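The next block holds one structure in the form of structure tokens; read it before the comments.
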Amino acid sequence: MPATNAPYTVPGLTEATGHQVGELLQMRLHALNDLQLTLKHAHWNVVGPSFIGVHEMLDPQIELVRGFADEVAERMATLGVSPVGTPGDLVAKRSWEDYSVGRADTTVHLEAINKVYDGVIEDHRAAIAKAGELDPVTEDLLIGQTAELEKFQWFVRAHLENSKGDIK
Amino acid sequence: MPATNAPYTVPGLTEATGHQVGELLQMRLHALNDLQLTLKHAHWNVVGPSFIGVHEMLDPQIELVRGFADEVAERMATLGVSPVGTPGDLVAKRSWEDYSVGRADTTVHLEAINKVYDGVIEDHRAAIAKAGELDPVTEDLLIGQTAELEKFQWFVRAHLENSKGDIK
Amino acid sequence: MPATNAPYTVPGLTEATGHQVGELLQMRLHALNDLQLTLKHAHWNVVGPSFIGVHEMLDPQIELVRGFADEVAERMATLGVSPVGTPGDLVAKRSWEDYSVGRADTTVHLEAINKVYDGVIEDHRAAIAKAGELDPVTEDLLIGQTAELEKFQWFVRAHLENSKGDIK
Amino acid sequence: MPATNAPYTVPGLTEATGHQVGELLQMRLHALNDLQLTLKHAHWNVVGPSFIGVHEMLDPQIELVRGFADEVAERMATLGVSPVGTPGDLVAKRSWEDYSVGRADTTVHLEAINKVYDGVIEDHRAAIAKAGELDPVTEDLLIGQTAELEKFQWFVRAHLENSKGDIK
Amino acid sequence: MPATNAPYTVPGLTEATGHQVGELLQMRLHALNDLQLTLKHAHWNVVGPSFIGVHEMLDPQIELVRGFADEVAERMATLGVSPVGTPGDLVAKRSWEDYSVGRADTTVHLEAINKVYDGVIEDHRAAIAKAGELDPVTEDLLIGQTAELEKFQWFVRAHLENSKGDIK
Amino acid sequence: MPATNAPYTVPGLTEATGHQVGELLQMRLHALNDLQLTLKHAHWNVVGPSFIGVHEMLDPQIELVRGFADEVAERMATLGVSPVGTPGDLVAKRSWEDYSVGRADTTVHLEAINKVYDGVIEDHRAAIAKAGELDPVTEDLLIGQTAELEKFQWFVRAHLENSKGDIK
Amino acid sequence: MPATNAPYTVPGLTEATGHQVGELLQMRLHALNDLQLTLKHAHWNVVGPSFIGVHEMLDPQIELVRGFADEVAERMATLGVSPVGTPGDLVAKRSWEDYSVGRADTTVHLEAINKVYDGVIEDHRAAIAKAGELDPVTEDLLIGQTAELEKFQWFVRAHLENSKGDIK
Amino acid sequence: MPATNAPYTVPGLTEATGHQVGELLQMRLHALNDLQLTLKHAHWNVVGPSFIGVHEMLDPQIELVRGFADEVAERMATLGVSPVGTPGDLVAKRSWEDYSVGRADTTVHLEAINKVYDGVIEDHRAAIAKAGELDPVTEDLLIGQTAELEKFQWFVRAHLENSKGDIK
Amino acid sequence: MPATNAPYTVPGLTEATGHQVGELLQMRLHALNDLQLTLKHAHWNVVGPSFIGVHEMLDPQIELVRGFADEVAERMATLGVSPVGTPGDLVAKRSWEDYSVGRADTTVHLEAINKVYDGVIEDHRAAIAKAGELDPVTEDLLIGQTAELEKFQWFVRAHLENSKGDIK
Amino acid sequence: MPATNAPYTVPGLTEATGHQVGELLQMRLHALNDLQLTLKHAHWNVVGPSFIGVHEMLDPQIELVRGFADEVAERMATLGVSPVGTPGDLVAKRSWEDYSVGRADTTVHLEAINKVYDGVIEDHRAAIAKAGELDPVTEDLLIGQTAELEKFQWFVRAHLENSKGDIK
Amino acid sequence: MPATNAPYTVPGLTEATGHQVGELLQMRLHALNDLQLTLKHAHWNVVGPSFIGVHEMLDPQIELVRGFADEVAERMATLGVSPVGTPGDLVAKRSWEDYSVGRADTTVHLEAINKVYDGVIEDHRAAIAKAGELDPVTEDLLIGQTAELEKFQWFVRAHLENSKGDIK
Amino acid sequence: MPATNAPYTVPGLTEATGHQVGELLQMRLHALNDLQLTLKHAHWNVVGPSFIGVHEMLDPQIELVRGFADEVAERMATLGVSPVGTPGDLVAKRSWEDYSVGRADTTVHLEAINKVYDGVIEDHRAAIAKAGELDPVTEDLLIGQTAELEKFQWFVRAHLENSKGDIK
């Protein structure tokens, strides 16, 4: 499905600039959709003595990430760029591998999730930098999302950490 | 990620039967995950004079379908079968194509969604029949989901229908 | 108003089967609409020393029955059969008499309501049996409604009963 | 079921006056009960591209009308007149025909509903005039209901209207 | 405490008229304050097999009556007349006796309450008539209160009534 | 923007009468829109030791007045008269001056607001009288609004009053 | 109305002791009923620049005091003593005068209310001491109420106080 | 299951005292668990013309008693004593008989429940006295529960009582 | 207490069949009552580093199980069979031992609870099979309960499981 | 009313800078007040087959815009600049014309509203740029508002758009 | 800041006694303020595999302790003693050391918190004893707080305990 | 307690930069903790005729400031820096004096609070500037907090201000 741009963008930006910002958000949308599916997958597959705490900790983050995907996609539409949200397009375009942990102890999942967040957050920060040159509204949206993603990564890391700050 | 079965299933079923039911649910999980992504994609891409009604009608259904995916996956885990919820596995295993409509009028999307529901519901009904021979709890879960999916399809069809009941 | 069937039914059923199920629901719809009106009529006409308890006990049941009528009618539409909900059609087609008690003591009303429930529930159970051969989704819907109708009839009977279980 | 009047009415009115007001409300009760059934019937039978908006617009009005029927019937009982709420009595006594539209486009239903409201509101206004001479409490109750019925009719008409105010 | 009038009243009324309306409300305030205390007294003193229904039926009415007293007193203040709400003034000025039933069966209390409502409602209706000549806002306020008081009296009477409408 | 009347009005009124009532509401709409803006202006500009109480007292009244404007405008539409709600039309048609107090002590604002309410309420009462001859539904709507406006004016006056009722 | 004691009291107390405790609560009930009326009276009659804060501060306390009266009266009934809640009995039995302030500045009312609380609280503390010798449940109930009454008196005093703690 | 005491108790009590208080609570826990089961049993088995009032009156009390059992058991754990909550231990240790009424009229159940409360409350009061010498926190907890149990017993007794206070 | 059957059952079943279904539910009621007590016992006695997660995980399940007991008992009454809910009868009739773990680590409790669920669920499934031959309403009720019991057992097992699915 | 600046501004800004930012917000306040009135005007005047969807879509946006006006005005006050919110000042100072559409089809209104948003958003973006040089707090407030205004404009445009993105 | 006593205290206590009680509460206030800060500090610094359970368990306790500080301080003010709540005064007057654990495993924090509670509770119990001789209202307030502090300490200890009740 | 940094920070920042940002937040945490204690201290010590408005105005701000402290501390942890939240550390490290007003009139407290806010906000703005060079997420968090702190300071100043904007 080729992305079709609308013949307009938000007032105050040139059409070219607006569309450039919108297109830069497409990979953020794919990353967030991948993330919501991956976190649910982990939610279903964690086992071990800390099961209930980790199982329940994931759900509010999933709710948040689903809201972020919606926010990013509607920002694209607002900027005049058609968002693509189908799984086929996501898998075809993404630069990372499918999450590879099945049924496993909470620690194994938390270590894998920690790595997933490294990728998502680094890319969000790169997008903040690019958006900052073009559109303060999009920049602000991405900053707000990054704050929450980083906070949840702290939750993950705190499980893995010992008192010297070392991560297993 | 090969599905690993646990060395148990629910009490009252043999391990083999329980795992058989759990495995039959894997494709239902993929179908529901695909459906939630597809409906959100449509939610973002509908345009035209009936925009707001259709845009808003989709969201409660998406909430419902996300809950159904959770319900199916947790039933799999309960039966001792590890659910796979990642997009890579979904795209690799599914027997249907990616939804192909981008920005388009509400009618175009509703016609395409109508076809998607034909597929999902037929497969759900086939799974009801199979589960009915093995496990009434899983059967009941699928019957409940099918009722809601069929009701939403009526919403979709009612938009496409004229007073003689013909569908465009 | 002749019932017009749509040129479709739910996926997985033949059109003939789906319409047969939908048509069998028409009399259930009339029965439930009659029931909500009859219970309200009783709600307004009970008198005597137990007034307040019985007056208030009826309202949640009326809410439930109104919801059941909606559920049955929307199931008909989903199956491709046009539901008829007007009072003229109801009175013309029903096989039972108008409720005949006016202002009367709570016991007189509860005895009359008990008989009304005998009729509605027997017919619901007959419809469960027929639907069970054709469509598990409709069967499940009717089972759920019957459970609630029977529970409320217990409330009614418990007022009329003495400790040996005899009903006045 | 012959209406039986109680040997009392509200303090401050003569028994004859109170009962006269109560009896004048019986046809208002029948009209409101007919209206709630008719609006639900339309709710289930509308089709066409504006389906979802009209389908959902009807439900809050139905809730309101059901509340109005309750209010009128309880006013009758308060005035010492036994309200009759059964469908047989309604159909036997009403001066209008059953609503005659089955499955049809939203516009067809809205046109028919517009006519139904013409009848109900004219009769409510006539009852306001009569009650105004006898009992300000009943008058006030009917004025409040008429305000809401007229507002909903505006919703209906606004769908049918063009910018010159013409109604199809 | 002599009632002191303010040197103003609501815009659109002469000061004399506004104060006349305000003064006419003083006895309504005393009647409503007496009523809330009397109903609570009954709430605490009812006994017998129908205890719980009657005990609980009184509380929402007490809430309502307390709200009516507030409404009447604030209307007086709005009209420029100082409302007097103390028990000494109430007892000194009222024309009726203290409620005389102590611990007694629900029926005895309901019969006594029925008589109390006869008095309160007749006086409210007389005040409606007087206010109707002077100030439609006050008239409307009293009509609204009377509707609720009369409805509650129906609740009371329905307990005392038999199917022929006779009251014990 | 010339007001265009629709070729209908509410059932039971002649078209001429209905439109006459609707037109009489236009200045009530302007007055209420002016009032909501003026109260917000005062909300932002009060200063002095009683700041917080007055600042917070204004907000619920503003909510109410905004609802009244909506109610009046939708009544106009219901009566077949197109309501005009733009600031240009309001300023062109109004017979009063812009509120003239900027940053000032609470007492200065309350004195100015007291005068504003004198104007709005007198005009509402005049409209009640006119509507009372033509349409009891509109009359009732205006009476209900006036009650609340007068009650809020009492709040304002109570701040300005001393124990003898004198207003500064 | 002579107080009639029931032939029982709470288990674990002798009938004589239980009734003695119940009777000691009768004057607490009268004091609380007087207090709720008096606070409402002040609520309606305060004027001056601090009107809104004081007017609104009184209402939650009134709610609380009404709840305390209910609690005390139901404790009496539980102990087998019939509570008397009518205004005539209250005025006949009380040892204090009617509250004597009419329309007056907030400070005048707060000073008068402060004195009212001195009386109510001293008597509550005396009742705590007596109940403490007879029934820990009643003692605990009165302690809880006293805590709230004293806290509200602090609110009142804080308005009257200067920074050295002097009360006007 | 022998009760095992922890090697600690709450700060400020000696370990011996804390454990003594905890052990004294074990029979209170059994009594409350028995009571919640018995009240539910009655809730299911009452019949007769006052059915609905009594059936519904029991549920909030059951909720409360379940909360009291939890409160008592967690206080035991806090004091360092392991609470035993199993039905086998309850039946083995209790000094009273199983409730013996099956399906019966509300009055029969209320009489039996009245006796049950005599026992539970007397034992609670004895425990208050013992706890009062050892631990004010536990004493306060039991006083609070006793107040509610006694109030509910009044509800029960009020059904059985006539106006002279005699209990059938 | 001998179970007394009423001289009726639900409409559409023979009295014999209805009573047979009701009687088969008696042991389900005992099992569910035992389960709610046992889970609370565990809730109070778990210790160890995972305390808080397990302690809190049990409460919603206890709420659910209490609701299931209510549902089963009210179904029995509806079918005309008197439910027995007393602890004496439960302990006398049950075929299993009292839960035997006192204060213990979360893992010890979870292993014991896992075994308890094996028993309850197997018996529920056997009852589903029997009910399925006699009464679809009761069958459906038991299927719904089993789904939730099995899901909670998965929570328990997930704590005990390692990544190969082995349970300690 | 000449704007009076306070002799202070927020800490960390010079008084001159703070006041400069505050003054730049005055026209944003006028634009937002104009917008809330204009959207309500459209809410009342839309007609045609898509009436209900557009009528209801406007209300949450109006709520939002009213909140934005409040936020901007309170920011001005915080910065030491007196906000002017009266309609006379708005009409005298604005650089745009009154909205000119009366009763008209939804499409006509949506096209006109689309143009209104072009103006408001362009000016908001210009203000973001200016505020960004002076005060990051004000800049952030305007960015947040712009995001929501742009999103609502997308709703408007989506109605006007066809699948190629062309706007009528 | 020297504590200044007011020239009054609660009615029924001598001024000297009331102030003595108030002063005894000052160190309770400092202890509770210290506790809320310390628990938040731990909330931020716990790490390790049980992170989420302990992190979340602390927040409701912090809410409670903040409420206790408010309750104690307002009791002081009520008694006529000025509460001091600043950190400087707290640190200057306290007899204990700053909490000394930084980032550390949950167990290390729970052990340290356990010791903190030993101190706070012992001092609360000592204050209960002193207050009990002087003022039952203050005594009751402290008993209620101690119950909750002790219960939370059980939560803490349950994490540290093994099945024999030993604490690490 | 020496601050220990973790061997990581948020993705996309170097460890050095992330830790630098985290450390800069430590004094913001101390300032916010000091502020919540100080505002509560004022809440308890204000007296005078405007008591209630100021007493109640402080509580929502305290809630907000406590949330800000939490937000800042969790951001530090997220950045890999251990937050220190104990009162000893706060008092040792802060550069300002303890708040020095005890029981005093509202105006005295508001003047002192105004000065406190000058300090907190200036330091927040300095931190915004530093964070802006290093980390946009932290910058955005501080901007959001500053907006609310400045708005509350306007509330404070508005009490102190006269109509020319002068502050006492």
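Letters A, B, C, D, E, F, G, H, I, J, K and L mark the chains as written, and numbering starts fresh at 1 in each.
By definition in this document, a residue touches a chain if its C-beta (ideal position, glycine included) is under 8 Å from a C-beta of that chain, and two chains touch if they have at least 3 such contacts.
Quick caveat: nothing in here was measured; it's all calculated off a predicted structure.
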Legend entry - Shortest contact path, subunit G to subunit L, counted in steps: 1
Inset, instruction - Would you mind pulling out the distance in Å between where the CA atoms of subunit A average out and where those of subunit C do? - result: 50
Inset, instruction - Provide the C-alpha centroid distance between subunit D and subunit H, rounded to the nearest whole angstrom. - result: 53
Inset, instruction - Identify all positions of subunit I at which a residue touches two or more other chains, and write them in rising order. - result: 4, 6, 50, 53, 74, 77, 82, 102-103, 140, 158, 161, 165
Legend entry - Chains touching one another, given as label pairs in label order: A-B, A-I, A-J, A-K, A-L, B-C, B-D, B-I, B-J, C-D, C-E, C-H, C-I, D-E, D-F, D-J, E-F, E-G, E-H, F-G, F-J, F-L, G-H, G-K, G-L, H-I, H-K, I-K, J-L, K-L
Inset, instruction - Would you tell me which residues of subunit F are touching subunit G in their complex? - result: 50, 53-54, 57, 106-107, 155, 158-159, 161-165
Legend entry - In the complex with subunit H, residue positions of subunit E that touch it: 46-53, 55, 102-105, 108
Legend entry - For the subunit I and subunit B complex, residues of the former touching the latter: 117-119, 121-122, 124-126, 128, 132, 139-140, 143-144, 146-147, 150-151, 153-154, 157-158, 161, 164-167
Inset, instruction - Would you tell me which residues of subunit J are touching subunit F in their complex? - result: 1-4, 6, 33-34, 37-38, 40-41, 44-45, 66, 69-70, 73-74, 76-77, 82-91, 97-103
Inset, instruction - In the complex, go through subunit J and note every residue touching subunit L. - result: 4-8, 10-13, 74-75, 77-78, 80, 136-137, 140-141
